[in-house]
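The same chain A turns up in both complexes below, where it pairs with chain B and then with chain C.
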Partner chain A sequence: MIDKASFQPPPIGRVVATEQKPATPHQFHFWTANETSIGIGAIVRVEGFGAGDSGRVVYGVVTDGFAYSDLATPLHDVVGAEGDPARAAEHPTVRQEIRLWTAAVLRQRPEEPLQPVPLGAVHVASDVDVAQALRMDAYLGGEQPTAIPVGLYTSGGLEAPVYLDADFLLGPEAAHLNISGVSGLATKTSAVEFLLASIFQHFPPHKGRVAAVCFNVKGPDLCFLDQPGALEDEDRRRYERLAVQAQPFERVRYYAPFKADGVNLNTLRTHPDLVGDVEPLVWGLREVLDYAEVLLNRDDIDAKADAFIDFLADRVVDKEFDDGFGGAHRVVTFADLERLFRSIFDGLELAGRGDTWRTHHIATIRKVRNRLSNISTRCKGLVTDDGPSSDLPWGRFEDRAVYVVDVANVDPLGQDLVFARAVSKLREHLERRDLGVDAVVVFVDELNKYAPGDGPDTYVKKMLLDISERGRYLGLVLFGAEQFRSQVHRRVVGNAGTIVFGRMDSDELATPGYQVLSPATKIKLATLPIGELMVRHPHFTQPIFVRFPRPGVLRGRDGVERFPPAADLPFEDAVVRQLVKLDRRVRPNQVKDLIADRREEDVRRALAHTRQARPQDAFAHFKKHLGGRVAAVPAAARESVAPLNRISDEPY
Partner chain B sequence: MKLAHLADLHLGFRQYDRQTPRGGNQREADVAEAFRRAVDDVLAQRPDLILLVGDIFHSVRPTNAAILFCFRELQRLRVGLPDAPIVVVAGNHDTPRSTETGTILRLYEALGVEIAVEQPRRIVFSRLDCSVLAVPHQALIGDDRPALRPERGTRFNVLATHGQLPGLGEERGTMEYGGALVTRETLAPAQWDYVALGHYHVAHQVEPNVWYAGSLEYISPNPWGQLQDEQDGGRAGKGYLVAELPGSRVTFRSISPVRRHVELPPIEGKGLTPKELDERIAAAVAGAKPAIDDQIVRQLVFDVSRATARDLDHAAIRAYKARALHFQLDLRRPEVHRVEASGAPGRRQTLPETVREFLEHRPLDADLDRAEFVRLGVEYVAQVGQEGEGEGGA
Partner chain C sequence: MSRSWVDAILAAGVVPASHVPEASVGRVDLEEFTGADPVEDPELRVRSLVGAPALAPPSVGFLDGIEQWRVVGYAGVTPIVRAHVAAAIRLREGDRRLRTVAENADELAITRLDRLPDAVRGALAGTGVRVVEIPADDAGQPARALPAARLEVQKARAALERRLAERRLARLGSDEWLVVDGVLSDSPALSAHPRAVGVVKSHGAEYFEGPELERALTLPVLHRTSVFRPKRRGARREIYSWYLRLWPWEGNDLLYGLLRVEARAHPGTVALAPRISAWLVGERAPLATPDRRWDRLLYPIYDVESYLRARAPRDLLPAPGSRLPRTGT
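Moving on, here comes the complex of A and B:
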């Protein structure tokens, strides 16, 4: 542990400067004893002395190291050992050896005038030094501190907490975080989970309320954020040191679309003990049509298709509409829309009126129809005609809550739609300041896929660029993760105020984006152990290595083992389960009797209404929406009616 | 199978204070006469099934004359078409507010008419291989709303109910107030052979197999709006529907009107003196086809100031009222135009108005005719607007 007392430990090195290797305002070299605890990434403090330099303090981070002796050439050593490496140890005297380190300047005190680093003593940084070196003193103290613990700076058995500035992590000064690293170590997801926990516990009250929306795009990664994970003593110690409580998230809301059957949820969080708090994500025509651009691929993007989609949204959906061939339509569902399309095609054919309807060419109409019917087929559990939509709680977001949208098993087209709509809605509500929270962290994994540096300009990519460039003013913050940072769109990573690196692939490190790193730093990055990261933050002039504890939540792989997903239930049982989830008094047999012989779409519709209303008596509500059955009764036998006599006084 | 679909008879409906020679309300007699004509046509059409879908009477306690008349007409149907079942569904006007009130519709059970007043009934007519789910207004607004779904067992499945589809008739206020809401989703058109609806007083196709039959006479609300709704739907006049199953081929059977609703061409009163306006009204009345005598007539006049209205020839107007069954001179006050920039009451100028105002004040070469210049400018803007509307459709 770092000694906080006034005791001044002896220096561990001394700055040296030669004509070949001079000390500059941004870099210096120092030597240490052979037995030293510092290494690449260590933070050091240089104290100036003598005229002009007395009182000056320079902080630096070690970026490279060298070791050499007074040996003139390697041949001299070979000759001295007579060509036998075993005899090299028999030298009468040990050659003088030097450990020389290169450090990049993190900060100078005073800041002005900016001068070359003084040739002073080098000390290992203490807690206070680390805070000073990384300019954390500006946001650690004061009346309204904005420090968010990100991990522990560790060097030679000493360690100090490193904090990010919330103003630069979550806006408005800068925002967004990008994390890259090779897959399979669970570092990226774990780091984001830990950082979210840290944000929720340390987000300063004066900055308002904060929530997170996490898109689970693969496997069970984010499916167990509310369950405690296994921690080791070392993790607990790190949590204590960072003043973050080691616990799962208190408020997690899960959303997942249905499978094609419309009643079983399409998620790996289907264990009976857990599935109860997964809310369905179900959208209707209106929700899809507003974001229909997502469904158009690059070849489709044209003003005509856009215009026709706008026409449908503005003039047709939810309105009484005359198709011009004598048919009246009120389009509310995909089925209604399909009926309208058929009516248009039939009408044009019968009328022989060419190939244009309301100034829209039939090819454009067919294209839009195909795309819309495509989504309703390929994402049947997400997009449905059965009953009201079930959506994220727009306008009612809770403070310090995580909203996990599980689209791992959804068709890629559906994933794009979910992402585009969710982010658009977040932006709309944040612009109106009526989301319920002041800032939202959106976590998207696999940015390589959603915002690639090359490839077509998709709607999702445009959305990500938009968040990156405008989000910080709104409180919409992107936490993006990817395997290869070099393959993500430059404006997405470029706008991230905070960059985090996990273990990197050597090929990736050879790309131009990593040229600023020293070879030693690159080697360290290529061999980073699990739980260690390199962080770049606007306040830090150089990247800093930190260690973070394992997140206090159950990892996806462990979660699936502890809570194995349940097999899909038969339709009746799935309906029962959903009703029981709403109201524990519901009797399964009663439900099964009620829905026997009913059409599944009617049952799904009633269920959707019940879910939306969340009534006290779920069964009664469900029954009411399903409607009572009317037993068939044969018509009574009719006696023949004889003609009546004339009435003496006709009524009119 | 052929079915006749009638709705919204509103027997007993009274309007205006004109009486029949026997002392009854003339409009009540008109409504009865329309039903008589409809029954005559139904007898000629010889359907296999007859549906009367709600609002048989205009009130829960109809006049004796209405009860008696309805009995006679239903009896005519039963005698004339002994094999055709008649199903009557109670609408909102037929539904008693309390159970102790009871319903006069039960009387017609004595004639062998199937009645659904409070509870829904699924009536199976084996001979027709058809089942009719008759759902009265009360069943739709109650807590135990039935599922409007067919059941297996018969070849044809018909739904008969009385309610309003959201959005329909909103534009002109022609949908009657107080109907039970039904949606396409609850009706599930694809599952029925035919859905017979009542409550909207204009014959209207909701889906190829889902229809409102409309009323048999122009009764409230807003009969003038109903005329416009009919015009929009390309179907003039009142009548009932004949549907042939399977395939749901629907024919509108027009009933010759007992009395016309005559809308005289609207008059723009702006800048007219009372005398000039009198002349215009007189000309409109003289040119009315049919003549206004015994008809229900409306003359709309826009932009008439209070002073002008006061100085009109009221003796002449009284004469028109005497000739017509009802003559409505609908004088609309001028709209208040905005004078100041903000906060002033009124409306925004239309584009042609804005263009006209601009052109009237724009500096022009001395040899140009300003009046012609303004006329042409406004005309061009109007043309563009019409083309835009034509292209926009809907």
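Moving on, here comes the complex of A and C:
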């Protein structure tokens, strides 16, 4: 202890202040030797000495650098070299030069009274200094530390772990993280993957259980989170230094809708070795109707349509219902609903009763029908008539599990629906505290698509805004990533307590949102190497640069190479595969014989029931639900959601 | 040394003053015509440097000194001057950067002790500051006392420079040269050393008349005169010298870019004069701007001076602004 305290490496710089460039409580200038390890982003410690200043310590981060010589005007260099640039290098003496740095104050000790930085000696920061400078001491130690490693601060041979405060990353004090930067170089997706691993390993026990829901919106990006990726020695070293284990996620659950055929999954994780653990994401009329607002306000907001949808949801669906023209309905599926619509239209026409039905104007009814049929055609594999829905395990979320919802290939309307429903469900359950975990990180890549700064206020945008404003109290935490922060809704990014930047586009840096950064910091951001990030966090007075290791998971790109997606299976084979997945004893030929000549929707329905029931004997269950053989019906006559009318844009 | 001795004499009754006499910048060395003997040519000639290979010593020390002074108080009408003199040698080696290898500074009180009240004299003695006296004749009249004090400051500085130079010369590396700002001939050791060069920027002393003088002072750029031997004056040692023009004077002034170089009185100097001249011409760049004397001031000398000024006590610099009466305490 004494040794440590008395060992004082020589200073590497000295604070200077002039009338033009004075030291202030928030900024100071210092010079170093020309050969120095200091650079933009370096953390330094200033020690005051002399009356009033001795014992004062100031931590700062370098935000700008200047070099100049005693050359009075450039012209004098020309004169000295007689106009020949080559001769300028031959001068017998090198001019006096200075390396002058500007640093922003991170922290002063003591904090009160807040005074200008003393004109003292400047030292490079040690591990301990970094913890002090970033105020990490408050959450690194103590009875209940809340530190989550985010990366290594690296400067001139020194390397110090930087931690985020779980209370400020995942609530309740502050929450949410936003990461931006150019494609491929900013390592946005990778950084979030690494941070999730770090959160899972370091989430403080007293905060309870945590899980993540990741929407895969781009190709195979998040499809292999359970597979180990290639790491280099440097990555492993960083993991060790950060005390995070380099490994893929242990509990990953994949969800993907079907393709239009209703049996092949709409994901790139279809390699036979992996597809087994992808759960279908299938919603029926009830699930869709609850979030019908998503479908409506993409184009228009209409109180009348809303009212009609409410009517359907409250009075019609899943109930015995009399259409008023003598027809009795029990609407469970889209097909049932379509039948109801037809009898309403037919009834109105036959009766010549004008154009209102139960106070709802026929135009409103048509509009709602259009919207609903629209979703059922555009998102066939997600929205289905064929039996019970299959959904995320609401209420049974596991600790430290990642739920990947693959919507990469889903129509934008369907993506909105998935977001809206998944996030609303998360919120409901977190509010009731019965989700199964205490906190959920929701990772939305390409946030600019879902919460754009301009354009209409869609349901999804309002919902993301709502999480970002209220989620921290619930443990509902948004991790958003996008290339251009300026394109995301201001309040969505503004509410993120932790903001991360990877390599940035210089046009983006020229937008007003980055005015607070010094020109040098901007240059550094525009040239940031892969694996380095700039982090802003409530405890850090200034942005800090850190390096992080490659995530320990298989990259999407490599994943599809190692596990090439299987070609779509013919209907029967896909059914077989799903049954085999439920029960390994199922014999393929038996299944094929059973379903030959059966209507596909019946097969799908039976399959869905079997999936839901998870019986001991899957084949028997499936067979029972499929019921007796009926005569094959020509496809044209099938009764599922009709190939409905195209979306009509006419006024009603 | 701190200002403490000044406080002590003020406490002893000296009336505080703060005055840097006008003509204190730069040195005067106006001397009478002294004459010179020819060495290289029977009569002073103009020689071109074109084609002369430059001497390129791998390491060169540059020596310069500074002086700063200020009247800090009056006992009656007798001034008490506080002076700071300093000198340094900065060595340039392979990396073309200058590093201080020798340095010395001194602080003195200049006055006339027998004109001070006992209390002040006692106070001064008690502080241990080195006291230098001006001649009794000059002490009575402030108009003469200040120039006399100034002369003492200059002498102190010259002595400091000489001591530093001689100490360095004693262990000068075999391929190391020493370039001195000013004359060599004040010092026996300097004026005899084979690798010491004096570079004189002020031309108070005149060694020629008539056509020879004209040749010397209208020397074209990148030319030098023949080597000559200034006639000995007083304690000065025998030395060889020549003029050298660094920048074209036409359009400026006769003395613009004109240096006088001194080296030991030895046949070797005549042989080396072209190479030393070419070397010094090479030292024109980098320019020693913004110093007003940049046309003659070698950058390394300027650098030594900047170094010394940066380290001089701040309270001796002429106060910026006016000399209006101070208000308050």
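Keep this in mind: the second predicted complex is superposed on the first by the 616 of 652 C-alpha atoms of A that agree within 3 Å, B and C clash if a C-alpha of one lies under 4 Å from a C-alpha of the other, contacts with A are read in each partner's own complex, and residues count from 1 in each chain.
The definition used in the following text is that contacts are C-beta pairs under 8 Å (C-beta built on N, C-alpha and C of every residue); 3 or more make two chains touch, one makes a residue touch a chain.
From a predicted model like this one, the values you see are computed outputs, not experimental measurements.
Undergrad: Taking the superposition on A as described, I'd like to know which of chain B and chain C A:A72 touches: first, second, both or neither.
TA: Once the two structures are laid over each other on A, A:A72 reaches chain C alone.
Undergrad: Using the superposition described at the top, determine whether chain B or chain C touches more residues of chain A.
TA: Of chain B and chain C, more residues of chain A lie in contact with B.
Undergrad: Report for A:G80: first if it touches chain B alone, second if chain C alone, otherwise both or neither.
TA: Touch status of A:G80: second partner only.
Undergrad: After the superposition on A, what does A:K319 contact: first (chain B), second (chain C), both or neither?
TA: In the superposition, A:K319 contacts chain B only.
Undergrad: Using the superposition on chain A described above, determine whether A:R95 touches chain B (first), chain C (second), both, or neither.
TA: second
Undergrad: Output check: A:R598 vs chain B and chain C. Expected answer is one of first, second, both, neither. What do you get?
TA: The first partner, chain B, only.
Undergrad: Regarding the shared-chain residue A:A303, is it in contact with chain B (first), chain C (second), both, or neither?
TA: neither
Undergrad: Looking at the overlay, what does A:L350 touch: chain B (first), chain C (second), both, or neither?
TA: Touch status of A:L350: no partner.
Undergrad: In the superposed arrangement, what residues of chain A touch both chain B and chain C?
TA: Dual-contact residues (chain A): none.
Undergrad: For the complex, which residues does chain B have touching chain A?
TA: 20, 22, 24, 28-29, 32-33, 64-66, 68-69, 72, 75, 78-79, 82, 85, 111-112, 114, 120-126, 131, 133, 135, 143-149, 151, 153, 165, 167-168, 183-186, 188, 190-191, 204-208, 232-234, 391-394
Undergrad: Which residues of chain C touch chain A once you look at their complex with the stated criterion?
TA: 92, 95-98, 282-287, 289-290, 299-300, 303, 306
Undergrad: Can you check the complex and tell me which residues of chain A touch chain C?
TA: Per the touch definition, chain A meets chain C at residues 70-73, 76-77, 79-81, 87-88, 91-96.
Undergrad: For the complex, which residues does chain A have touching chain B?
TA: Per the stated touch rule, the residues are 315-316, 318-322, 324, 326-328, 330, 332-333, 335-336, 339, 358-359, 598-599, 602, 605, 624, 626-636, 638-644, 647, 651-652.
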